[in-house]
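Just so it is clear, A, B and C label the chains in written order, and each chain counts residues from 1 on its own.
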Amino acid sequence: MTMPPSPSSSSSPSSSSSAPPLLEIDRLRVDFPTETGVVRAVRDVSLTVRRGERVGLVGESGSGKTQTGRSVLGLLRPPARVSAARLTFDGQDLLGLSEREHRRLRGRRMAMILQDPRYSLNPVMRVGAQVVEAIRAAEPELSRRAARARAREALAAVRLHDVDRVLEAWPHELSGGMGQRVMIAMMIALGPDLLIADEPTSALDVTVRLQVLAILDELVRARTMGLLLISHDLPLVAGFCDRVAVLYAGRVMETVAAADLAKARHPYTRGLMAALPSVDGPRGDLPVLDRDPAWLSEGGGP
Amino acid sequence: MSESSPRAWLLAEAPASRHQAWLGRAYRSWRLFRRNPLAMAGLSVVLALLLLAVIGPWLAPHDPVAQILDRRLLPPGTPGNLLGTDELGRDILSRLLYGARITLTIVIMVAVLVAPLGLLVGTVAGYAGGWLDTVLMRLTDIFLAFPRLILALALVAALGPGIENAVIAIALTTWPPYARIARAETLTVRGSDFIAAARLQGASPIRLVVGHVMPLCTSSVIVRVTLDMAGIILTAAGLGFLGLGAQPPSPEWGAMVASGHGVLLDHWWVATMPGLAIFVVALGFNLLGDGLRDVLDPRAGQG
Amino acid sequence: MITVRDLTVTFRAGNRLVPALRGVSLDVASGEVFGLVGESGSGKSTVLRVLAGLTRDWSGTLAIAGEPLGRRRTRAFHARVQMVFQDPYGSLHPRHTVDRALSEPLRIHRRAADRDARVLRALDDVGLDRSFRFRYPHQLSGGQRQRVAIARALILEPAVLLLDEPTSALDVSVQAEILNLLRRLRSERDLTMILVSHDLTVVGHMADRLAVMRHGQVVEEMPVDRLARGEPAHPYTRQLLRAAQGYDPATAEALLAEP
């Protein structure tokens, strides 16, 4: 059996590698019992995210990347079964948390950005009211005026130029990119330490996509947040993240520094990279990925 | 062949023929349906009604219209008359058994008239849009605006009492909701890519409506018909009760309730026994309809 | 093969008029793969829908193989021009088996002879095992569905294939398989294709020539090797090209600085 390339050798090149990780996932499993047996969506995924680090979680549909993000946020409900050797956020055990404690944590310290802003915003409420409400839900002691000031700051931080107009707008009046910026503003207004973004840009146009990522990039740097970016888009993650974990069938195939993705060693990663069409590449047939059944039994992370 | 092979054949991931594919899908729906005990109870009631309608006349201990005046108004439990007799000395059990056939006839005739009519009007209106939609839907509105029983009464009064006319009257007052359901379903699928793809193959509007739109609307209509069965039975019973449906001495359940109401206080069973029968069958159809909705509703997943 | 002149389409949204296409002109040669690239709202899909006859409110002139097209399309037109849609989950009828999806075009066009053989051949052509014939769409993966959609579009042996984002709903590895399939079918059958995509890399890989659209207009038209050399003339195309090559902080920052 081929051994996966050692992932630990390529940990974050950033400065804070000595500090304890913000998020530590060790051998996470997510099982869904169904009529025909247990579906093992995530099998022994291990991953760390440090402050100021942008970690990518890439994989094709059904690879378990979304379920991984959701288990960190405590969003998986029974019948889904989440277990792990260790699942901690800033030293705090996440597995033992009650629903209520999880919700508190989600509001203030961990935030999630979803794929399509159109489904995340309430269509019958003005944008400003929603941002203010989100802030006050997490910090009830804040006055309405203070919350509004915080909302303005957050909207300015995501480079929305006409903050007043956006505050008064209805969600349907926003473009996709603006909607996603509002969502990001809503999340960072609470000053989270960890941001989990699940395909935050796949519903957006390519140029808008880059703008939204640039904003995320800037925020992560300025606030030394940890970012877990879940995506199917390898080239995008390669350019954006510090480290990338490649998932296949619920397992981590390898974890590499994003800059080294082009030189990835695992045949799955290499297969994915090779299958990408390119503007200047050869115009013959694209290499088709041959899935090796052995991949299903390997992996497991560091 | 081993015991499990028919099931394996039905659940095959790669069916080898059209029939196997179709039966496999039906079997999957059946397995889903079977898990719902209430729906199974409803199904049993409906199947029992079907069975009784077929074999009832052989089971019945007496002639349903034979009047034995010295055995009038015997209470339930009397030897020879298990459910008692009515005011003309007729055996209530026998009348109920014969009446099952009449009830089932009414229900089936209404369903056969109403479901295709509503489906056709609704899908054509929804798919065509424009003036045709407006005309058909306003027509539907007019029928909807009439109180159902009153319209049925008026029709029966004009056509004359009798089961056939009762059926026509009920059918004419029942189809509009089906047209609305079918139209709403049509509007949701009209803009989908698979309809566009069929148009691009050069499919005619008739082919599109019949072959592509209708199959997606039938399940909601079937569910609705089943849920409405109870109402149809009750309307038929109501017409019978008012003397506008089945005519005496025919053992239609509604007419039986009607004839018993005069003696209700002293001889409760005469009206109660057919009333219970109506209640059980109506409940059965309702439970079946609920179960079918869970299985067939396109929004509840792929069937 | 395909000529589009001054195509103008205006949609009505409530009581507002929204221009979707503003005078688009294109020429596609026989046997050519022509790419149409643009972001959402650029009108690229509208061009395709007008050509296919799905959008009937347009002005301008259209011709396929020299024959001008009217508002309504004949049955013969549908045998010659077919389309593959973006969403493989939405373009197959949920209650029709693969067999029905593939034999229906034959039935519509009254090609009764050897219908069974043609359905089987169509499955072979798109690389689907014959055991898929009597399955329902929900028993198929996204890539398999898209193969069925391609088989359905090709079963009447059209000369022109219109592709509306045929791979954007698919995983990368499946996308590669579908692109390879399209490439093979094109060379086997000498198909003329218009490929609409938001993804410049897909168009760059598949097309011979391409047009970049923005706000209902063609911004730039060029042969694909100009794109491959990274020498598009228009700044918008250059921007798209940079954006297609992944995330790069400098490009992104420059985009943000734009109004």
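Quick note on the criterion: a residue touches a chain if its C-beta (ideal position, glycine included) is under 8 Å from a C-beta of that chain, and two chains touch if they have at least 3 such contacts.
None of the values given here were measured: they were computed from a predicted structure.
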Topology of the chain contact graph, where touching chains are joined (line, ring, star, complete, other): line
Core chain by centroid distance, with centroids computed from Cα atoms only: C
Maximum inter-chain contact count - chain pair: A-C
Centroid-based (C-alpha) most distant chain relative to chain C: B
Rounded Å distance, chain A centre to chain C centre (Cα mean): 32
Distance between the centres, which are taken as Cα means, of chain C and chain B, whole angstrom: 47
Geometric centre distance via CA averages, chain B-chain A, whole Å: 52
Interfacial residue positions of chain C with respect to chain B in the complex: 52-54, 73, 75, 77-79, 81-83, 85-87, 90-97, 99, 104-105, 108-109, 129, 131-132, 134-139, 149, 152, 156
Residue ranges of chain A touching chain C (in the complex, touch as defined): 60-61, 159, 176, 205-211, 213-215, 217, 232, 234-240, 271-272, 275-281, 283, 285-289
Touching residues (chain side chain C, partner chain A) in the complex: 39-40, 142, 171-173, 175-177, 179-180, 183-184, 198-202, 204-206, 227-230, 239-241, 243-249, 251-253, 255-256
Interfacial residue positions of chain B with respect to chain C in the complex: 13-18, 20-21, 25, 192-194, 196-204, 207, 211-212, 215-216, 298, 302-303
